[in-house]
Amino acid sequence: MTHIDLQTILNEIAHEVETFYGKGSVADYIPALAKVPARQFGMSVSLLNGQEYAVGDADVPFSIQSISKVFTLVMAFREKGDEVWNRVGREPSGTPFNSLTQLETTGGYPRNPFINAGAHVVSDMLMDFLPNPRQSLLEFVRMLTLNDVIDYDQEVAESERIHGDRNRALAYYMKSFGNIHHEVDQLLDVYFHQCALSMSCRDLSRSLLFLANHGIVPHSGEQILSESRSKRLASLMLTCGLYDEAGEFAFRVGLPGKSGVGGGIVGIIPGLLSVAVWSPELDVSGNSVLAMEALERFTTKLGISVF
Amino acid sequence: MTHIDLQTILNEIAHEVETFYGKGSVADYIPALAKVPARQFGMSVSLLNGQEYAVGDADVPFSIQSISKVFTLVMAFREKGDEVWNRVGREPSGTPFNSLTQLETTGGYPRNPFINAGAHVVSDMLMDFLPNPRQSLLEFVRMLTLNDVIDYDQEVAESERIHGDRNRALAYYMKSFGNIHHEVDQLLDVYFHQCALSMSCRDLSRSLLFLANHGIVPHSGEQILSESRSKRLASLMLTCGLYDEAGEFAFRVGLPGKSGVGGGIVGIIPGLLSVAVWSPELDVSGNSVLAMEALERFTTKLGISVF
Amino acid sequence: MTHIDLQTILNEIAHEVETFYGKGSVADYIPALAKVPARQFGMSVSLLNGQEYAVGDADVPFSIQSISKVFTLVMAFREKGDEVWNRVGREPSGTPFNSLTQLETTGGYPRNPFINAGAHVVSDMLMDFLPNPRQSLLEFVRMLTLNDVIDYDQEVAESERIHGDRNRALAYYMKSFGNIHHEVDQLLDVYFHQCALSMSCRDLSRSLLFLANHGIVPHSGEQILSESRSKRLASLMLTCGLYDEAGEFAFRVGLPGKSGVGGGIVGIIPGLLSVAVWSPELDVSGNSVLAMEALERFTTKLGISVF
Amino acid sequence: MTHIDLQTILNEIAHEVETFYGKGSVADYIPALAKVPARQFGMSVSLLNGQEYAVGDADVPFSIQSISKVFTLVMAFREKGDEVWNRVGREPSGTPFNSLTQLETTGGYPRNPFINAGAHVVSDMLMDFLPNPRQSLLEFVRMLTLNDVIDYDQEVAESERIHGDRNRALAYYMKSFGNIHHEVDQLLDVYFHQCALSMSCRDLSRSLLFLANHGIVPHSGEQILSESRSKRLASLMLTCGLYDEAGEFAFRVGLPGKSGVGGGIVGIIPGLLSVAVWSPELDVSGNSVLAMEALERFTTKLGISVF
């Protein structure tokens, strides 16, 4: 892969996916997201050697929403190790991301850290060892991206809070089983803010490059996760990263990835690169229509998947 | 990897996993399986270049059970292509392999081809275009393995039939939704026989080597599946291949794989090799305890996973 | 209540409910039922003293369908007593009449004898002690009604058999848990025939009068059930008799009752009378729209309910 | 029934049920209930003519818990009429009293007003038209019983609040569907207090006597509910009043009733009497073991049920 190849591929993809505008709809569960203009598309690729390629709205910050669940899980996993799995599972859920039904069967033990209930438990863990998890998360993401202006979108965070009853229900439900240890209001303050992290595709592809690099941040050489844990986190993204469409994503794209209802999807090719795509229109499962298309074309054109 | 390395690794593994005897129990849902001696372990690795490495009971034939679901899916997929997905999904199920509950919600559409209900639909598809699916399956497997003595274990098939009420329930239930087209008795005759295929680890690692080789059978050069379909099938194995433990397997082992309650598990490393392990004692999810341990050690010692 | 009053009330009701034609739809799950003309309405009341009142199509035989579940339960209950409850529960199901989901949770133990799964278990019990349950059921119903021409509608029975895959699924599923003891085909032959019993409103109101009379058939004086068991059976009809609409029926009508998708509903007022209504158009829960209306008006006009 | 008969019957029952001590266990989900001495039994009967019969600990106040759901429903029903059913159903639930699963299927619409979720909706309705629902409920109950010292047990209310996460989950979940209109904290303040109402058997049998009297409070002549609504409320108690054991209660006892985890059960015989029993030890469904036994004996000895 030369510079020219990758840039050409991104340009082609950006052109091809335009025909998919209008096939999904922008998330409307909170007003702050509903007002995002639909026809935007950005894509960014980060290579291990530091090179970056981008196309379209790759530098426009957007609400990363559930993609933040990867960051908090990394923070909890590096601190607590396999203890994490005492409180949250590693299996695909087979139900929508905000379902309560499965929690009833399992006694408040979420299937994986990428559904909302699982992310609550992870944020609850952060509160065990971090005096200010919101601030720590911000510093962690800024360190990964070398971008010190990344911040929370307070309007989105507030909108999440106002429309947060389903998340309150999930958290109180798990608390009734003893699987949430801190105050729900404080926990959800962390959670609503992490969802409101505002980052661009370029930020995102940079931020998760360490997962393609044996757990080491390329620009600093810092080992964030051991190689083994880094692989395991990638496997979790592959089996559970795309809500109720994880199998579909593995089938069509074939990469570990994580999506958010803000329209972003980030994926990694171990040993090679990380890639982030953003476009606000979502399919019925809550994944970006254009981002899915773009990633499927990306792996097809490169002839690369993990399989 | 040299000859010596791989053989040494297999020998080490065979030695190490011995301490796990007694931690699971042999499948007892049919008498023909329940009487298999528990303390057996075999492992076989097939490389793309034709080399094979084996240890322990790698040449002892056993009942491959659900691993057969890969063979029938390949046969249906190569004939029907993406039409297959009109009748069966590609998502992890999040429920046990023989559950009926999910079928009620989806109107008789199984979540994936590796749970029993999905495999019934696949076998039903084979009956559309094959006059004798049982015979065709046998020929297909013999061709893949170059082993003409592979056959059905009639005692196991009969035992499956006698204790097959749950499978009858699944098939009639889907038929009531119109997703089974042929007679249930005839369909299950195919299904009970495919479960009763008797193969050794060596047979199994050979048989799925084409999935690690862009869909081409190495010994004959025949393209069984296109490269793209071959990858997609591997992704399905990763997300759905191990019953309710698919995430666990991806997490610990990191390979596309498929297990059976006979105690076998087969996995592939795309571009490199296929590996089969067998030991009859199962964990609560129905996967072989020693085979899981062996495969986790195998990818750790090789330093290879798809992630 | 004088003769004139009751006849006047029935005439009024027959007139009033006419406006509800067209608000439901005739059962179409089997062709033999789908062809029944929709605009028919009959109603019959039997008093303990032998008097009978009727209006409309009260002497037209129709397919009693699930109402037959009362007859088979009475036959099993009088023979086996409380042993019956070892194999079937006494709780409202909260799910549609042909659901499999609940059976998965309970390990094949149906919630009550008036959902399909429960009725299968009851018919299976009859096969324990009756050499020819079909014939015995027919004789039992003829004895209760003094009508020797009551018979099975063979076309309906055959139609049930042809479209009986959901029932096969239920029966095989319970058999897989050990809660069906006989051959499924033979069991369903009984079941499909009981559903195909062809009776008129007059037959039906007569047939269950013993439940309003302490278990004693008024015309013969025969004690079919003890007083205590008779009451208990009535209580079961009240809590579980109308599929997923049992609460609605208790709320609106306030009587123990049992409905069938042929459009019949039968109810009893303990110590006083039994009443049967028939009209083929069903609401979404599978209960006759006009019959529900008629019974609500009946208890309101009489000023009588069990409450 | 003469004075002597009823008193004798109560005495007999009190004696007979003693053998059931130790067969259940006192509710332990909140400390304030867990410390209630187990071996207590009281029973009280109120006749329409004002006569009262009692035995044992009939004047010991206890926590009425879910029995309070009848009072709040009466208050909402008399004000809002059938509008109530727009927000809560009338069907038995078929699942435990605090289940969330069913709410997911129905989009936040509880099956009936006697499960926790349904009671929340009812209390939410009271907040629409009452400035101080807690105070109004107290006045309502005092009026029904002519007992002005009835009050909330503040220790129990506080214990409910501290251990109220499951109820918070239920309320926030329904709020996320728009079926709770007021602030959850304020709503649950009402709910936790209503559960903490402290009343004796004598209070309880008096309080619901109007349901046996066409909706009219005998001692004042006040019409609380119309005759029709009074009957309908009784029918709801019969089909839904005893959690997941409603069918069992109808079968064994045959009366409209309502139970609470404090160990109380109240029942009515329309046109005749109301009866309250209390004993703290509960069966697995959360109903008092001795109270169930006592009521079954009561209707058997009297030879009276609604059937």
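Labels for the chains are A, B, C and D, by order of writing; each one numbers its residues from 1.
By definition in this document, a contact is a pair of C-beta atoms (placed from the backbone, for glycine too) under 8 Å apart; a residue touches a chain by one contact, two chains touch by 3 or more.
Predicted model only: the values in this text are computed from it and were never measured.
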Ordered by label, the neighbours common to chain A and chain B are none
Most widely separated chain from chain C, with each centre as the mean of CA atoms: A
Comparing C-D against B-C, which pair counts more contacting C-beta pairs? C-D
Numbering shared by both copies at the chain D-chain A contact, with half separating same from different: same
Rounded Å distance, chain B centre to chain D centre (Cα mean): 55
Between chain B and chain C, what distance separates the C-alpha centroids? Give it in angstrom. 48
Just curious, how far off is chain D from chain C if you go by their C-alpha centres, in Å? 32
Residues of chain B that touch two or more other chains: which are they? none
In the complex of these two chains, what residues of chain C are touching chain B? 99-101, 103-104, 165-166, 168-173, 175-176, 184
Contacts from chain C onto chain D in the complex sit at residues 89-95, 102, 111-112, 228, 230-232, 234-236, 238-240, 244-248, 250-252, 254, 256, 270, 300, 305-307
